[in-house]
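Please go over the structures that come below.
Common to both upcoming complexes is chain A, partnered first by chain B, then by chain C.
On to the complex of A and B.
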């Protein structure tokens, strides 16, 4: 039943069952449907390191050509809303066009960053923020390609814990951060 | 002139009646005794048979089904009581209790997905998978037998026939004729149906069709699909798409 995609991701069986692409009118059924989709979205994004879903654009899990079904827009919004209320996602705009998917919690990202910095002995010196997601040092680690919104949110969390301090720059590229050991 | 009954005549008649009765009783008694005797022999033979083939009965699902059929023919239920000689000699009671628990588990796990109606074949696959390769393999007959036994517990366990297949129903509440007929039509169509098709097929009024479909939706037995190529809303029944929901 599972349909492996190019990256080795296997869709769950429900993804091949047409009614799951229509928002269900009965509450219990809809809640179950939302739970399954929420899990699918988190798993897919984790596997493909996707941080932001654009609700107006094509997103592979929302379309199954084999059964000719597309997840309804109202359903996409409803399921992402549920992820947001569970703390697993955040809307980036009030029109719900962009959704930040937190397949790893902000606090976990903060821990990952802090562990990375300590492992590489980068504490007590000022770093360029963007180097934490695209620098040579992070290549091959979980941090490579980390969404900027998420990166900044994690850094602010570390700042609130007294483990880092952010420095504003004139441009985003000049924003810096200093970690304390 | 008619002869009037004398004292001795009356006594004769009474004596004769008494003799008839006692002979009749004798015959009845010996018949009954003979039958008891035959039954006892039969039962002994059956027990002997059961003991001799104990291993096969436990291991071979087909053999077990035949044994059950044989017992049913002579009015013996090996599962009637776990304390009975039958259960003791065969250990069948434990076998079916265990199977019963596994069936309940499987029904529970899939209930959210199928609304508490599960194809017995899917159920069989799931139970055998759950039991693992080392346990005795279970047959469809065993599963159906077990569900019938579970019915006694209440809780709504029941074997339901829809179209040509049997389903395990694990939620209380009657699956009425109308719902059953809708499921039957959908089964033939491949697990889904449109309202207009039901109106045509069953010659029902649109109101009746809607009422039954809404009921099936509310029970979690149906899901709607608004993206059919023909445009009309389709009603899908997860319990009819076996395999689709087993692993969830």
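On to the complex of A and C.
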């Protein structure tokens, strides 16, 4: 996640203004600020296929070296909390160290997976769960590099819709999924 | 109606032994492929180290590293062979599964066809055609009977009357034509007709030409004036 700012990402205008890097006290301003930061976080993660933000680690959008400003930890937590309450993120742990960023909703991921399965005629065939996020079959598609937690969530959702069935093989490594047409 | 999960999706929700075997195969394949990747990375690393050692002129150590690299490469080759075998098996199992599905589909289609044929047999068709022929014969017979005359009029007499009328009309036509000569006298008249002249018309034409020539000069002087 340590990406240089010359990665080609174009930040929105507010990112160059120092005031935005300080948590605003006034309610209306704070709401607007949070909205802008929320958008930036989602967009940045979507473009770079980042699924989890580690609040203790470096994350390029939170630090603008050009204006020598950095978001405080409390601000980061606050903005992520707002994303969580909107349903666009989830805390993975109680201490808010890891945040799952849902720049695409779980149900949309479920649809993406199911469409992939339908497109390549994989219904009624058994697949290793990990082959849905890595390997030759998904290379170049949206699914490549998908976070495992998110992948399993999406698969469980498909299971509840009756479109898939997760099962284990003889060894714990063998996690399989069967899709139904 | 309020059932969100349709009954069709609950039909094939079971995971069979065959599925588990397939999972085991594919998981094995994945494990092998992951190991391959690891070995490739090791080979690359050894190559780097060897290069660096050669640059530092530590030839013996470089040789050792290259030997290690060769070992790992051979391991990779064996692994690649195993991956091929597993892939081949996965492929055959999947192909066989598809073939079975196709067989079942064809079988079902065949059954449907047989059932349809049982519903309407060749005998049925033949019987139906016979009935149709019979109905047609009946209809034709009926038309014939209906077409027959209802009164007791004597057909022969009526036909004789028709013949008389026809003869009369013929006679009237014949009278309006000129009669063909029948007596000898008439034939002789035909013989006294003058014969066709042959020379007279030529002289007549020469006279006409001379007359034209005389007229022409008479006309010319008039023009000159």
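Basically, the second predicted complex is superposed on the first by the 169 of 181 C-alpha atoms of A that agree within 3 Å, B and C clash if a C-alpha of one lies under 4 Å from a C-alpha of the other, contacts with A are read in each partner's own complex, and residues count from 1 in each chain.
Here is the rule we use: a residue touches a chain if its C-beta (ideal position, glycine included) is under 8 Å from a C-beta of that chain, and two chains touch if they have at least 3 such contacts.
Everything quoted here is computed from the prediction, not taken from an experiment.
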item	value
Clash-or-fit label for the pair chain B, chain C on chain A	fit
First (chain B), second (chain C), both or neither touched by A:180	second
Touched partner set for A:112, first chain B, second chain C, both or neither	neither
Partner chain(s) touched by A:128 [first = chain B, second = chain C, both, neither]	second
Touched partner set for A:14, first chain B, second chain C, both or neither	first
For chain A as apex, the angle formed with chain B and chain C - C-alpha centres, to the nearest 10 degrees	100
Chain B versus chain C as contact partner of A:72, first or second or both or neither	first
Touching partner for A:141 - first (chain B), second (chain C), both, neither	neither
Which of chain B and chain C A:26 touches, first, second, both or neither	first
Partner chain(s) touched by A:162 [first = chain B, second = chain C, both, neither]	second
Shortest span in Å between Cα atoms of chain B and of chain C, once chain A is used as the common reference	43
Contact residues of chain A, present in both the chain B and the chain C interface	none
Contacting residues of chain C [partner chain A, same complex]	5-6, 9-10, 12-13, 15, 19-20, 22-24, 26-27, 30-31, 33, 94, 97
Chain A residues within the chain B interface of the complex	1, 12-14, 16-22, 24-26, 28-29, 32-33, 36, 68-70, 72
Contact footprint of chain A on chain B as seen in their complex	112-113, 192, 217-218, 220, 223-229, 234, 236, 238, 241, 243-248
Footprint of chain C on chain A - complex, ascending	124-128, 130-131, 135, 161-163, 165, 167, 169-171, 173-174, 176, 178, 180
